[in-house]
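First chain written, first letter: the chains are A, B, C, D, E, F, G and H, and each begins at residue 1.
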Amino acid sequence: MDDFRDIGFAKLDMNRTDRTGQSETVFGPGKTPEQLAAILETFRRAGTRVLATKCSPEQAAEVAARGIPATYDPVSRLTRADWGEKPILKGTIAVCTGGTADIPVAEEAAGTAEFFGAAVERHYDVGVAGLHRLLSKVESLRRADAVIAVAGMEGALGSVIAGLVKAPVVAVPTSVGYGASLAGLAPLLAMLNSCAEGLSVVNIDNGFGAAVSACRMLRIAERRQA
Amino acid sequence: MDDFRDIGFAKLDMNRTDRTGQSETVFGPGKTPEQLAAILETFRRAGTRVLATKCSPEQAAEVAARGIPATYDPVSRLTRADWGEKPILKGTIAVCTGGTADIPVAEEAAGTAEFFGAAVERHYDVGVAGLHRLLSKVESLRRADAVIAVAGMEGALGSVIAGLVKAPVVAVPTSVGYGASLAGLAPLLAMLNSCAEGLSVVNIDNGFGAAVSACRMLRIAERRQA
Amino acid sequence: MDDFRDIGFAKLDMNRTDRTGQSETVFGPGKTPEQLAAILETFRRAGTRVLATKCSPEQAAEVAARGIPATYDPVSRLTRADWGEKPILKGTIAVCTGGTADIPVAEEAAGTAEFFGAAVERHYDVGVAGLHRLLSKVESLRRADAVIAVAGMEGALGSVIAGLVKAPVVAVPTSVGYGASLAGLAPLLAMLNSCAEGLSVVNIDNGFGAAVSACRMLRIAERRQA
Amino acid sequence: MDDFRDIGFAKLDMNRTDRTGQSETVFGPGKTPEQLAAILETFRRAGTRVLATKCSPEQAAEVAARGIPATYDPVSRLTRADWGEKPILKGTIAVCTGGTADIPVAEEAAGTAEFFGAAVERHYDVGVAGLHRLLSKVESLRRADAVIAVAGMEGALGSVIAGLVKAPVVAVPTSVGYGASLAGLAPLLAMLNSCAEGLSVVNIDNGFGAAVSACRMLRIAERRQA
Amino acid sequence: MDDFRDIGFAKLDMNRTDRTGQSETVFGPGKTPEQLAAILETFRRAGTRVLATKCSPEQAAEVAARGIPATYDPVSRLTRADWGEKPILKGTIAVCTGGTADIPVAEEAAGTAEFFGAAVERHYDVGVAGLHRLLSKVESLRRADAVIAVAGMEGALGSVIAGLVKAPVVAVPTSVGYGASLAGLAPLLAMLNSCAEGLSVVNIDNGFGAAVSACRMLRIAERRQA
Amino acid sequence: MDDFRDIGFAKLDMNRTDRTGQSETVFGPGKTPEQLAAILETFRRAGTRVLATKCSPEQAAEVAARGIPATYDPVSRLTRADWGEKPILKGTIAVCTGGTADIPVAEEAAGTAEFFGAAVERHYDVGVAGLHRLLSKVESLRRADAVIAVAGMEGALGSVIAGLVKAPVVAVPTSVGYGASLAGLAPLLAMLNSCAEGLSVVNIDNGFGAAVSACRMLRIAERRQA
Amino acid sequence: MDDFRDIGFAKLDMNRTDRTGQSETVFGPGKTPEQLAAILETFRRAGTRVLATKCSPEQAAEVAARGIPATYDPVSRLTRADWGEKPILKGTIAVCTGGTADIPVAEEAAGTAEFFGAAVERHYDVGVAGLHRLLSKVESLRRADAVIAVAGMEGALGSVIAGLVKAPVVAVPTSVGYGASLAGLAPLLAMLNSCAEGLSVVNIDNGFGAAVSACRMLRIAERRQA
Amino acid sequence: MDDFRDIGFAKLDMNRTDRTGQSETVFGPGKTPEQLAAILETFRRAGTRVLATKCSPEQAAEVAARGIPATYDPVSRLTRADWGEKPILKGTIAVCTGGTADIPVAEEAAGTAEFFGAAVERHYDVGVAGLHRLLSKVESLRRADAVIAVAGMEGALGSVIAGLVKAPVVAVPTSVGYGASLAGLAPLLAMLNSCAEGLSVVNIDNGFGAAVSACRMLRIAERRQA
């Protein structure tokens, strides 16, 4: 059951869907454009959908140059190779940002969740410095099954949302900020120390990871019904 | 709807259940035994169940001395004031530890989850240095709806589990270790950088927070069915 | 004009009021009880009011044993030697805390401000995890001339308040928390990175410093009218 | 009263002046030139003055290309969109720097304060290594209503000034320095640990934040007289 | 016996082989292309084999331009000047990586070990998120005399391997990752805190150092037999 | 083959010797005296030798009180339960310290190596500030098969030794020092950045880990001969 | 010439005076009272003066109990074993502190310098928050041959002094402070980043090291005249 | 006596020689080429020698373009404006480096010391990994009046030298290294924690500061003779 394909520089997991309930994904950074393209090619031959994250334009160009039918979004830096059957995941994930500059990370989260079949509702630039912007969205947020809170600077968005909703909140610190933001450590620490409950945290700028966690949460209901 | 009781040194949230789906909880540290007892007393009068975390023996003694019918567990340091109707939450949460020294944090997680009505399955001392111990539990882990992975030292337990199961994994770093463990920062960083997907992280030694997040995940299914 | 009294282990500033507009203050830690008492004695002879901060019970006991008419408050750990003429400072300072455990630091701020003649309004346990508690105080906060926001954990209180009022906000991070709170570094960093404007920050647990800054702000108006 | 305009990637606060006493401001970094220009355009249509900070030349060029009548200063990197009625704020803010290399941050502070209507007095290159330079300015500093002390390296300027004047001092650490300056952490920590009173601190290189805080201080007097 | 050649900017160790059992090596960074070429030239004249690490393409080009018969590998960034008699070291070193992006560091290790005469077996992309990939290699790993485990992100590979084999394991953290990876500090700390025994650690990205340590281990057997 | 005994709070590895070539060991901290004694008892029944590290006097007292025939050394804090057949490991490990205060960590290393059958040669207080002390030991060091260099403060001992011998050197930073030693981080970082080759590093104060690594190195020769 | 006495746990440097120009010194922490006493005893037999630093009262009591004629000062924690001929070192060292709480570190410096024969002038509590206190001492400071500036908190004292005198300044950061002082890291970093010239720095609380450096400076003149 | 020239962006210290015994120096970074040239021009008009440090080629080009007769050395990045009378300082300063890559920092030190009149002896690439290189220089080092030890990586050079000579040693950590060198923090911490006496430390890569301190040390003898 635990089978993989060995292409030298990579051992490709061909049945991750069976094991973890989700298609294979590929971490873009540190791979040459050729390596990334070869990986996608291997999955295409197997008919396995695959999502590549944090891809550079050079990687995307190589993929396109080889005629691999994947789409690249320069904001989220996601490459979606969507040739298999698109899954459907019941439930809605709300993706919020503190500011405009957090949008690329939020789009990584939103795009990932959509790739895995979830419905996504976006609420951008609702940071705590202008609380009325967030409060105007509370009813909508309370309807979501899971919330992803993306924020840099002081990273307070997750705490405030977790105190307002019943759903689990995944907080994503971003590297938006400067000086004592320490490239995202400040919001990361803030989120880990939240005085609100129901919050868990992923790595700085890791919109992808937040979305995978949220999708696994949505799948709890499906598995129980199955 | 957003009502609270003001007792001077604290503003008690009397309808958190309506807003966040869960009973009130109290963070023990930094409160005098008298303050903690007064808070529990106020909730008792309102008939609201309440859980206090990281309580000292002195706090527990004061609560007992006032005749407040709460139970104190010295391993998890939880004080459970269980006078209201006990909730039932469908689904099972697996709580795992890397080693024996991680058990107090794991018990905080397990006790919290049980307080909020979830079923808990414990797998202790299954760290990655002796992989066969963990592998012998895989079938059981795959049946859980959510997994809480508690580990100090290098904190690899969460990554390995997240690669083996479909459920969301909440990783709890612990302060178990010494030297370059930096009081738990080493496993915290490791967990945030997991090469596995589906993992989110809470503060060092925060078994409570992991359990609340996991319970919110279980509630997704309930709310959808309601 | 810049005169001081040399008592060997300390050079006492006898005309700080002229230079900085405020009575002399003494930092308690690192001084023996005898040294602290000798310092207070010197100021008493000169008829100069003096405030000592972060005093231990041992220091307070020595001061009392020598018959020096100063009061000691064990919560704020302030020793107030109030023999001179009490100043009056026009204006109100609001002192808020995120939780109950932040109260000792808040009382250091409040007691200091009162010592220097300001009116103080206390709003304790109004942290952002239960936003309605804070929102119920907004009108009162908007009337204050300066706000001191005292919070540990993720330290979001200052940001939220600064977005709601016109007054300057001085944020005080506290060492309340554990694990990744890093003894108060997490809220300190959060406050420094606030997405809200009008916030400035003092050292961890430095309620005293926040109060002195706020009092200097109130004095701007007085000086202009003089 | 708490109204905002939603332009997708941003929720613009249209009545911040009513709520916080100050015009809207925009944080430049992380916004595309198009986004920044669109935001300014929206405010122009509403007739609301707006200040954008830390703008890149590319952002400024896009604003100019669209014919938006805003001025850009490459030293302070401020974009001032000054179409509304210019406010007048009574009082003077002194802006000091330790060295020549701190001037861009100081100009961000000075330009911001002037945008909000304050009078500014500049004292540049008065660092503590040549104390006579600072001492020659003491009389002038003592007349200011608030002082902004901008310094990198060891960041001692704020402490020395706060011991010489009655006004509140806002200290701005800068990233000027190298090695153990840790990109400004060294002066930040020094300022937070000042042995002088009356000092509060903002983020590294955050001249803007210091100026907004200082302007709020000046407004205390105005509001009381109103 | 302890002789060296002084060429001004460098003192070249001409008999390191006698003293430490291994040819001279040169650390490339911080040397001008001219300096590096002059060093290689000096060793060539003495007939001493030498390995230069972390060389830039510019350094390699200068070496080639001078006709020095050394080979440069752009992946490992090793320059091998192999003119002397090639040593033979009995035993096999297994070099493993967590992911594809760790390969350059692994190749630095593998190339170094081969330069010093060891046999190398490569197992790339066998990280713990897909444990079956690693488990499929266990028999091969158990035959190796020493194992080098190269991993970024959470750095768990070394712990898992050290629990599976009898050989000493040298762990090499890499700077592969982002955000809270802190440029490799996260896996470094994880490896230092390994719950498994038999693991020792070298600097981030220091494949070279791991290989030299492993070769010294292999030489223990040779020296005893000699 | 991978069998373990489950005693609730611990899963005891009963055949680690087969898998990793070495007896089971137990990490003392975080275990109650009762837990530690129960673990030793279980191994005694199985006739398996076991070594417990960093044991407190309270743990040792409980073990003694139960009549378990293990010896406790208060300097190294090792508990040796030596009931099985004592292994013999060919080769000598030299254990050196920079100063007298490093001896407890060195004794943990030496005692561990002896428990696993190696011969140990001790060279204590040979730090680099008085180089002649170390140089007087060079011949002896050059005869060792592996060297363990234990040092706090600036941690230079390992670098100097690694430049003098052919054997692999395992460096152990200690928490001896104060201030900027950062509880051992300073020598840890120094050792990781050694300009000498052939050095690998273990956690601060981890004499045990260094010894296990060194013993695995000695076993390379044995296995090849077997 | 490089001779030492080996007493097992220590290798005592018996001719350090010849090599480094100064008597032997012993670092107290980490040595048992018995070890410290044995070391002093050995030097006494050799007639060698010796200074032990950072000694605990327990160590001092053991030394006294054995009848070793050494004096112990509980403020500086120095044990001076002054049996040899007292050296005389021409020149004066000024020792200054920022505050009263820095005095123990300053006394360690002053006592060490006096032990090695230098004249010491003390200026305590002359921190930069009340500049007139320091300025009143400038003439005296300008006469000193070397200055030791001891300060915690923001550590600005050294910078200000180095800008006022021609002598070399050795700055000693202290752990006086709290919160973001990070146990002395804040003044350490400040001192390393001084904008003044002529300043060098020793470890936090290392008054001893500063004094030894200053004494070596005074000896330059003596050696040249010899 | 304390006079300066105000040129707007800088307040130039025109009589630093009288006050601190040394010509004015200028910190290059953060100044525009125009600002640097204007500063040099001002000093030229006053006939004051001046040294500018860490200058970029752009700054040097502007200085040359204006015909200012200063020399620029691209290795040390010093600009020497040597128009006044060259001072002579009796005594020799030895400047040593651990490796070749440390030479630029060492040349900054050597060039600065020569500018101020000292004789300099250079010993480059004498790091502790090949101790015989350093030991071959001991006699020469023992003749120097002060030693500057420049080293990156583990920074052990200063400790070893300070144990071999009687002169004061100023240690300069460099940013040479990678990974856990943390851009020079590792050698900085090592040097601060030296087990040798007589060592003081300056900022990372601060060859200039080390030289100024060493020159002040040499001047002690001159002043006493004057």
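Going forward, contacts are C-beta pairs under 8 Å (C-beta built on N, C-alpha and C of every residue); 3 or more make two chains touch, one makes a residue touch a chain.
Source: prediction; values computed, not measured.
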**Q.** Other chains in touch with both chain B and chain E
**A.** A, F
Q. Using direct touches as single steps, what is the fewest number of steps from chain D over to chain H?
A. 1
Q | Chain pair with more C-beta contacts, B-C versus C-D | A | C-D
Q.
Under the over-half criterion for shared residue numbers, do copies chain C and chain G use the same patch or different patches to meet?
A. different
Q) What is the size of the turn, to the nearest 5°, that moves the C-alpha atoms of chain F onto the matching ones in chain H? A) 180
Q. So what's the Cα centroid distance for chain A and chain H, whole Å?
A. 50
Q. Can you give the whole-Å distance between the Cα centres of chain A and chain C?
A. 44
(Q) Centroid of chain B to centroid of chain F, CA atoms only: how many Å? (A) 36
Q: Two or more other chains in contact with one residue: find those residues in chain C.
A: 27, 99, 130-131, 162-164, 179-181, 185, 188, 192-195, 197, 203-204
Q: Provide the full list of chain pairs in touch.
A: A-B, A-C, A-D, A-E, B-C, B-E, B-F, C-D, C-G, D-G, D-H, E-F, E-H, F-G, F-H, G-H
Q: Enumerate the contact residues on chain H facing chain E in the complex.
A: 99-103, 124-126, 130-133, 136, 176, 178-181
Q | Partner chain A, residues of chain C touching it in the complex | A | 98-99, 127-131, 152-156, 159-160, 162-164, 177, 179-182, 185-187, 189-197
Q: Report the residues of chain D in contact with chain C in the complex, numbered from low to high.
A: 19-22, 25, 27, 90-91, 145-146, 162-170, 188, 192-195, 197-204, 208-210, 212-213, 216-221, 223-225
Q: Could you please specify the touching residues of chain A with respect to chain E in the complex?
A: 2-4, 8-11, 13, 16, 27, 29-31, 35, 54, 173, 175, 183-185, 188, 203-206
